[in-house]
Amino acid sequence: MTKLHVNLPGLKMKNPVMPASGCFGFGQEFARFYDLNKLGAIAVKAVTAHERSGNPTPRVAEVDGGMLNAIGLQNPGLEHVTKHELPWLEKFDTPILVNVAGNEIEDYVHVAESISKIGNVAAIELNISCPNVKEGGLLFGTDSVMAAELTKAVKAVSKVPVYVKLSPNVTNIVEMAKAVEAAGADGLCMINTLVGMKIDLKTGQPVIANKTGGLSGPAIKPVAIRMVYEVSQAVEIPIIGMGGIHTADDILEFMMAGASAVAVGTANFVDPFACPTLIDDLEKRMKELDIEDITSIIGRGWKSLNKSISS
Amino acid sequence: MTKLHVNLPGLKMKNPVMPASGCFGFGQEFARFYDLNKLGAIAVKAVTAHERSGNPTPRVAEVDGGMLNAIGLQNPGLEHVTKHELPWLEKFDTPILVNVAGNEIEDYVHVAESISKIGNVAAIELNISCPNVKEGGLLFGTDSVMAAELTKAVKAVSKVPVYVKLSPNVTNIVEMAKAVEAAGADGLCMINTLVGMKIDLKTGQPVIANKTGGLSGPAIKPVAIRMVYEVSQAVEIPIIGMGGIHTADDILEFMMAGASAVAVGTANFVDPFACPTLIDDLEKRMKELDIEDITSIIGRGWKSLNKSISS
Amino acid sequence: MIVDKLEIVKQEELAPKIFEMTLTGNSVNEMVTPGQFLHVKVADGIDPLLRRPISICNVDIDQKKLSIIYRVEGKGTKRLSERIPGEKVDILGPLGQGFPIDQLIQGNTALLVGGGVGIPPLYYLAKLLVAKGIKVKTIIGFRTEKDIFLEKKFAKLSDVTITTEDGSRGTKGFVTTAMEEQKNSYDVFYTCGPTPMLRAVQLAATSTGYVSLEERMGCGIGACLACVCDVNEPAEGEKKYRKICCDGPVFEAGEVVI
Amino acid sequence: MIVDKLEIVKQEELAPKIFEMTLTGNSVNEMVTPGQFLHVKVADGIDPLLRRPISICNVDIDQKKLSIIYRVEGKGTKRLSERIPGEKVDILGPLGQGFPIDQLIQGNTALLVGGGVGIPPLYYLAKLLVAKGIKVKTIIGFRTEKDIFLEKKFAKLSDVTITTEDGSRGTKGFVTTAMEEQKNSYDVFYTCGPTPMLRAVQLAATSTGYVSLEERMGCGIGACLACVCDVNEPAEGEKKYRKICCDGPVFEAGEVVI
């Protein structure tokens, strides 16, 4: 029997695969394609205290091996999410990770506190890494002191485990990870998008109205794998790895690098069945590679190495 | 008449295209394919004070939209380069940019001083961004104070203009750029590779012997464009842009973002004729897009924007 | 709405850079609302990565065939134009809300106004309108004579006016120039084309009507919020935006800001 | 050494995942040294990005044809196996230094030892050796019976010993097992295959010989230094390394550290 389930703080997952925040809305669109019970967990779109209308369009642009987006955290706000989106998700036996964003510490704290009280919220994903908004977001994600302060404040009020979603746009990702771990984070999500740009040759201007956008997709996978590999050796808390996952082999690669579970973003746009297909393929690949229990490979990339060095 | 020539400190270029350091050796291999006089300039492989044997193999790995490399600055050392490689390049009427690397400030200073005295060295490219060596390299490239100190020291001894090659693996690229500009840099080269990793599922270990490698190729272009766009607005010195250039449109995109010339790396491996082909294609595309003088588009991505805002 | 692999039956260049691709497969019988679109994965693998939205141009349910007409713009449509009969194309569709026609009654007149690659979705619309006994007038605009496509097919169904920007054929000018003549002669209009054209058509129109919008898309199914546009006068407590991929691409004229 | 587009004449699966591709073009007449390789761009565009090194297996100068035999390993070789006759493949080659045979004289005996996809380049070598009047003995190793390929072709030119790891055909074990029997019966050996095999063959050999190495490559032309290996006992003042792509892939046994 191939064992696919993984247990992370607050998240008892049937398999290590969840859709990534912002790439799955609040699940309704994808429920028309498949049963969301199939998923290991669901990370929903970022929620802010008040409704946000996001950035002007164009909001996306394609680049080689990936895409840029600058949605700008458009969302219906805490109240609407609490009243309409989360209740709809109750019918699924799949843990929900709510992505929380804000401008100031108070915003985050307010949203985290309220949302963590809701029955079907299994964990919070603190979004300190959105590159597409002027305030908050990336400011917290690129300063370890601010990130730690925010984490501490949210931890103090949250009824559920808190995962911090890290930005790759930093000189020292290990320092960031250690800072939020020390501040009480229960887990890490990494990576969010790299800040990128595309210029339209006809207009001479950036394609994306916001000018810069977040780069996601296969193009960023090597950076993500490297960061997961480095951070997983430096912290004790589990990592939800993401960035460019499009195949079951990508999932195995992230877990060997040190992730305890993974999230799938851009791939959902290429194929709405991406997540269930990946889960099925993962099981097949595990059989081919003689991996019985998925948890056995977590960190294999450095664990066996350390072993061979010490022996 | 389409005007392709650009003038940068020390570099009088027939066209804005040069091969990037480390992707062209010292030119001899490519001279078997075409006349190097065709090139706008040539950036040769990194030179260190003494011969270096580099990293163990495997040194490269392919990833989606790019490649990882960890050559580890293998080179025959200052003396050999001075006696054998640079003299061979004398027969070409193409400015040479010598990439200089080291562990300590003294190494850089020593190499820069010696090499800048050689007749056919038009400029120095200070490599403070190689992610594949334990000492020096990236240490300087991720700390603006150290980068400035090094730049100043090298500027003090160099007989030719000094370009500083920046690393994208930083939280704040503008800060780095301004620091080296203030320290006297004559120009900037950006970007070097992003630190990445690939894990081999069969062994569970990183493919590259050095574990991490530098990500180059189309995958990094959006990050490079964004950085050139940001930095070119913040500094007065010219930028040689690079990162994923594979088509003439990519060159135009870099120049619209704010680069005054470009360098082509990985594309030379895909097609040894990449540089001359790009130069020909560039001329064609300029005609199609009604660009008469290539210098007219430098920074168009933000120049016309600033204009339209102020008007 | 399904994901399917449709087989290419035919690939033809109608005009410079304008291709018509005919596809077949069982799922074609679900793709019968005019104005809906397919999200097309033009090639396997990551180059290009995202799907491309292309309108359904014609459907033949009996033969399980449909066609799309597209212009080679960039990498994706270029790659699509290189695909050959016998190969399969991965499509997601039909997506979005098409042109409503149920409100029309026999004897009504509909004005169809299309520009460039906005013209294709109007063709299947014209077919269904005619089948319903609606009189159809069509104004289709091109840059120049050699760019013209679908003229003959439209002529079989409707009164066609061609406009070209350089006057090399038909009315010289834009589609709105030709709309002058049709003033007050129609009960409803339907339009699809570049955004500036849509704005002009909406302004020039003398009836209610429907506009089909374009925007860069991520998912195509309403999940990513890449493709939003603003509602013109949102009612209190109602959503202030619409998603072009699933609330559109067709909107009632005036409903959203274009 | 040139860049050319060769046309695919034939694509055939010889054994599970083992394909032979025959290519034609004018530049074939430059690709006549056994042991050299082609750097193959398996598909246009960036997926995959880099070229793949594949040895030349056979050349027919009169017909301007050459063939390569490759195993589907990952993305690149998979994509290559999907290409069909009539299509063109972008190649850079011939690259590297092949197997030297000029030093041999009529009546000499050469032992060729190949494993898996290291076998193909030995085939053209065998042909040239036989043409030169050299006696050829071949030992080719596979994992199991169904993996066997090129056996009949080698049998026409040489004494062939097959080894399989599971003993399903021929000698059970590795190529070195079969080398025992040939001890001291040859004047030179040539070997190509996985690195552990090369080491074992070099050790087991009772004559001088040549080994063909593999390494991950960037440029394939000596510029990037991706593919270096160390020289065993570099002379004072000489280079301490060799580039497999241009100084190799074939080296004299013992010259470099493997």
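A, B, C and D label the chains in the order they appear, each numbered from 1.
In this section, a residue touches a chain if its C-beta (ideal position, glycine included) is under 8 Å from a C-beta of that chain, and two chains touch if they have at least 3 such contacts.
The structure displayed is predicted, hence computed values, not measured ones.
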{"item": "Partner chains shared by chain B and chain C (touch criterion as defined above)", "value": "A, D"}
{"item": "Number of hops, chain A to chain B, where each hop joins two touching chains", "value": "1"}
{"item": "Identity of the chain that, by mean CA position, is farthest from chain D", "value": "C"}
{"item": "Chain centre separation in whole Å, for chain D relative to chain A (CA means)", "value": "46"}
{"item": "Euclidean distance of C-alpha centroids - chain C vs chain D, Å", "value": "55"}
{"item": "Whole-Å separation of chain centres (CA-atom averages), chain A against chain C", "value": "36"}
{"item": "Residue numbers of chain A (touch at least two other chains)", "value": "64-66, 218"}
{"item": "Chain C residues counted as touching two or more neighbouring chains", "value": "46-47"}
{"item": "Residue numbers on chain B that touch chain A, as the complex places them", "value": "63-66, 68, 142, 169-172, 194-199, 201-202, 204-206, 211-213, 215, 218-223, 225-226, 229, 244, 249, 252-253, 256-257, 289, 297, 300-301, 304-305"}
{"item": "Interfacial residue positions of chain D with respect to chain B in the complex", "value": "1, 3, 41, 46-51, 76, 92, 215-229, 240-241, 246"}
{"item": "In the complex with chain C, residue positions of chain D that touch it", "value": "45-47"}
{"item": "Chain B - residues contacting chain D, complex", "value": "22-25, 29-30, 32-33, 45, 53-54, 57-62, 64-67, 69, 71, 74, 207, 217-218, 246, 266, 268-273"}
